[in-house]
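After this come two complexes, each holding chain A, first together with chain B and then together with chain C.
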Partner chain A sequence: MKLKPINLKFYVIVVGCGKIGLEVASRLSQIGFNVTIIDKNPNIIELLPEDYGGFIIIGDATERSTMEQAKANKADLLIATTEDDSTNYFVSMVGAKIFGIPSVIALVNDRDNVPLFERSDIKVISPINLAVETFEKNILEGIDQLVGDNR
Partner chain B sequence: MKIIIIGGERVPYFLAKRLIAQGYDVYFVNKDEELCEEYSRTLNATVVVGDGTSKKVLDQLEIDSKDIVVLLTERDRKNFFIARLVQEYYGVEHVVTLLNNSENRDLFERFGITTLGVTDLIMKNIEPLLFENEIITTLEEETKGATVLKVTVEWDSLIVRKKIKDLNIPDGMVVVGIIRADKFIIPRGETTIEPGDEMIIVCNNDKVPEALSFFNS
Partner chain C sequence: MIDVLVLDDEKHVRHLLVRMISVGFECNPMEAGSVEEALKICDRHKFDLITTDIKFSGENEELDGIEFIRRLRLRGIFTPVLIISAFATAEDISEVCRYAPIDYLAKPFTQDELKRKIRALLEYRKDTFERYLREAEGLIHSNFPGDLEKGEQIVRIMFSLMPSSPIPHYLMSEILEKRGNTELAEKHRNAAKALDINMRGYRKGDEIETD
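Coming up: the complex of A and B.
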């Protein structure tokens, strides 16, 4: 079997450097992807781990100049992780439609907004849905076991 | 059919006043409680206090696809988000939005959202003042996208005593006439520019700032 060589040029832009964005960006960078973080807050630089090997742009990702600075037209993936769904949606759409980024993933904070993101071809990470699904899965597995034990 | 106005402060008030006078049903959504109180005191409209980007708030309005939604928040991302929410969730066909940052126009247009480019409008009006020149006319009807400018050449201008052909005039603009001492000169490459000349320039709309700065330098 031929192995596909891992494309190390894979370029990811992470918008928002909160708890989730920070973790995602750090891990992707450790794996060896090219990563650029965009965040408004200059203090994030201190939060990043020492081995973070990517770029940081302090700026507003909803402005085109910031996206241009991040070379959004060269990105393979955009990840929007801010706490504000309208920002995540706007940045995702500008990335996909204007800069032609082939893949976009967004954090969706309010569950009601999930269908809008999905219908706009944005991959959705919904913390509430994830938590509920995980709980459900765990509980069902537990019940299976109980039922099995009683048999 | 109802008209739903989301965000804004004074514009929604006066807009609603006129629409109500014409017999339309007006609905407001605004975060500002005091403002909402004022709206409901003085206008015969339905007022919902809340964040227009929240579906739960929008659901209270029983929006129909034939309703008209007017977005007046100060953030393009919010206007865009609400516009897309009402399009996708209620099938609204007509959305009009305030456009704060002109560079976002393309994104709104892609989804058939009508934009009101306030920044552009203000720029268009102050540009001639900034350059102390006159934009004679924007030929929107006849030749879409062209502007006719009149620029007075100052004594210390860099283009004075130069021939038109030596100016290296940028793309997208052309000198079509020179008014000199009550005469109208049709310029050729050999025509030399004199101080006090009034140059008539035709350029693409997006070249206006460049043309003004070039001929004023």
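Coming up: the complex of A and C.
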């Protein structure tokens, strides 16, 4: 896929560097985003791919000083990808309301929490919903063939 | 087109800086991961700008960004330096202020912030260069004892400020001519002409071309 040259003009903060956060941060950096990762775990530096180009802040993103250190007021996009929905919600709200980040996307691990995030204008990525939708799409695409075979 | 050296022990920051500077200034920056490596590179190459971190992880803790800048200046290299660090203290900044031209940018940063800092440093370098040019001209054309030596010292700083400018070569050829070293003077004049594509010379009132 040929991507548009973004040329590092967009500043993105990725909070949480688990499996998903790590992959998202790495891909955004490869595409040409200016990425800063915030994570409590100092060992994440070893997990990052060789060609990662961006910043890493070891700290707690729920603390205002960490977000200030990350220059959150200058971010174009905030992505919250921790395993804890409360943390993702809190960080997303602080990012949007206090630091005025124009676009916020959060990982919502428990699908029951999805409406809460959506009511707060946070874009939601729900792994369960995504999986279910993908299964459904795949099954529906193959349904004609399945029905045909049973006739 | 500018020549840049990026010094940082964190590979991911180096990668980002190289990409940002390449995009913003159409150049291919060189990289160094340690102060020792950077000093070796600076002995062989001339740069228009150097970026450096302050704190370096390694065996030799004393060999940090501040020590790097100090050693650069001791070597007679007056290239503008942009300090890029997350942990610089007020003491660090006041310590390096004496090694101008110098500026500071906190990590992380946006591309706009980096561009503004680099442009300002290059602009400052141009102003400093013009000031030195006026000073050197005065000293070269004065017949006061010792002025020629002072002029030569200034011209040497001008060489390190703008390595690709023909002006220090023109000035050096005049100094050498005055001393009667016509052979070396001729070499500098030829070097100046080779760099001076538009044959503008350097006389007062001339617009100095930036890189």
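Operating definition for what follows: the second predicted complex is superposed on the first by the 138 of 151 C-alpha atoms of A that agree within 3 Å, B and C clash if a C-alpha of one lies under 4 Å from a C-alpha of the other, contacts with A are read in each partner's own complex, and residues count from 1 in each chain.
One rule holds in what follows: a contact is a pair of C-beta atoms (placed from the backbone, for glycine too) under 8 Å apart; a residue touches a chain by one contact, two chains touch by 3 or more.
This structure is a prediction, so every number in the text was calculated from the model and none was measured.
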item: Combined model on chain A: chain C and chain B, fit or clash; value: fit
item: First (chain B), second (chain C), both or neither touched by A:39; value: neither
item: First, second, both or neither for A:120, with chain B first and chain C second; value: first
item: Geometry of the superposed three-chain model: angle at chain A (Cα centres of chain B and chain C, steps of 10 degrees); value: 90
item: Least C-alpha distance (whole Å) that remains between chain C and chain B when both complexes are overlaid; value: 20
item: Residues of chain A contacting chain B in one complex and chain C in the other; value: none
item: Interface residues, chain C side, partner chain A - complex; value: 10-13, 15-16, 18-20, 23, 86, 106-113
item: Chain A-touching residues of chain B, taken from the complex the two chains share; value: 53-56, 75-78, 80-82, 84-85, 88-89, 101, 103-104, 106-107, 110
item: Parts of chain A lying in touch with chain B, wherever the complex brings them together; value: 62-64, 85-87, 89-91, 93-94, 97-98, 110, 112-113, 115-116, 119-120
item: Chain C-facing residues of chain A, complex; value: 7-9, 11, 29, 32, 34, 36, 45, 48, 50-57, 69-71, 74
